[in-house]
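Several structures are given next for inspection.
Both complexes below contain chain A, partnered by chain B and then by chain C.
Our next item is the complex of A and B:
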């Protein structure tokens, strides 16, 4: 969509639980629109943001739209660098098995399905942030 | 330096808009270029011309409009965030069958692509939020 120019590294930092406020939903909307610009995109989930990726979400009791299935589409938009803060998970009694199994197809490897989520510690997260051109915090 | 600004919180409720305004104004006065100011989340409420703050307080909305006029600033309100929160320009009001519009002078409504473009074009994108 954008003409020429170098690709920039975008990191979307998701810090909040999915339904207590609108930040998670509107962050996802930016990520999906941004995918059309073919930038180098990473997502980080820290603090209560890790709940956004929890599997088996149901919003029946609160009358809000369950937008969690949309995260499964990220792989189709070539968004496959999803970093989850390990400490944030552990502090909430969660493990990788509690999260949705987000995957992408590697076309350079016979379309093998590969996991998109990586667990990172705070030092790795800091290094990741250091590498970015644009950090959007939600 | 060419800067992009994102404002993620509404006026008066949160200092983010004040900080963004003060930062933007100071940057312009120092001769920096502001590529765009993008209003998202409750930040879209900074663009309603229907606020009536007390006489002895700052007028957050008018302040942005005046800055836009003075420096030919591009103030962009996210359309998706604006529509859910009742922020409409004349075109959107008509298109959605609403009987009023409320966008203040100097602001325009557009898509999220404008935020991504600001990230790409500006040397720094500075986010003011919670």
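Our next item is the complex of A and C:
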């Protein structure tokens, strides 16, 4: 934070599918609000949370807002550490190709577009969680 | 005849499993809201769904608007599952004697 505030490591843990409950949308709102405070932010998608990043969402038929395009904006807020649990994807018959292609621009590398999503195994996810100052669960 | 409705993801709750355990021959099952994830091929619940259709003679339906909202591809629906729209949902409700909701 400005004015000498300390930077902390925040991890947002997303474990719910979109639309069936309000958790996914609320998490995204909080992440975007939090982005204004210039903290070190990571997002994890585990269990049904991986469905939030599914490509091709189209909510015309259910009268709800399709908020999936908003995930594309995360890179512009310097949120580029998005971790997807590989086991959760696999047991749902999904692969990285089924997810939206989220990217960010690396200003230290001539604004090269780089992928934001990393697939991680349980070990890596556990290690990631242990590094955090604050873990927020949705 | 009974219509069973399941609106929770099979990964989040055991509603689908219990529903299929207790549904009797010829019963209808409708997957809607987060329940639609059970209709996709390649999940660890595919065998359970296929068995319910083949061995228990259950008819399984999925509400298409909910399925499409979640970005799931209709090419990837387990074969034998029928898609319905909202009017089809209403038809299922009216043609069955009762509706059992697995919340």
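Following the convention adopted for this analysis, the second predicted complex is superposed on the first by the 136 of 138 C-alpha atoms of A that agree within 3 Å, B and C clash if a C-alpha of one lies under 4 Å from a C-alpha of the other, contacts with A are read in each partner's own complex, and residues count from 1 in each chain.
The rule is short, and it goes like this: contacts are C-beta pairs under 8 Å (C-beta built on N, C-alpha and C of every residue); 3 or more make two chains touch, one makes a residue touch a chain.
Computed from a predicted model, the values in this text were never measured in an experiment.
Q: Under the stated touch criterion, which partner chain does A:8 make contact with: chain B (first), chain C (second), both, or neither?
A: In the superposed model, A:8 contacts chain B only, not chain C.
Q: Given the touch rule stated above, what does A:47 touch, chain B (first), chain C (second), both, or neither?
A: second
Q: Looking at A:37 after the superposition, I want to know if it touches chain B, chain C, both of them or none. Which is it: first, second, both, neither?
A: In the superposition, A:37 contacts chain B only.
Q: After lining up the shared chain so the two structures overlap, which partner does A:121 touch, if you call chain B first and chain C second: first, second, both or neither?
A: Neither partner.
Q: Kindly classify A:29 by the partners it touches after superposition: chain B alone (first), chain C alone (second), both, or neither?
A: A:29 contacts chain B only, not chain C.
Q: So, does A:59 touch the first partner chain B, the second partner chain C, both, or neither?
A: second
Q: For A:131 in the superposed arrangement: first (chain B), second (chain C), both or neither?
A: Neither: A:131 stays clear of chain B and chain C.
Q: Quick check on my understanding: which residues of chain A belong to both its chain B contact set and its chain C contact set?
A: The answer is that chain A has no such residue.
Q: Enumerate the contact residues on chain A facing chain B in the complex.
A: Contacts found on chain A: 1-2, 5, 8, 10, 22-23, 26, 29-30, 33-34, 36-37, 39, 133-138.
Q: Can you name the residues of chain B that touch chain A in the complex?
A: 6, 8, 40-41, 80-81, 111-113, 115-117, 119-120, 125, 127, 129
Q: Can you check the complex and tell me which residues of chain A touch chain C?
A: 16-21, 47-48, 51, 54-62, 64, 66, 68, 91-94
Q: If we count contacts the way the header does, which residues on chain C are in touch with chain A in the complex?
A: It comes out as residues 7-9, 11-12, 33-34, 37, 40-44, 46, 64-66, 68-73, 76, 85.
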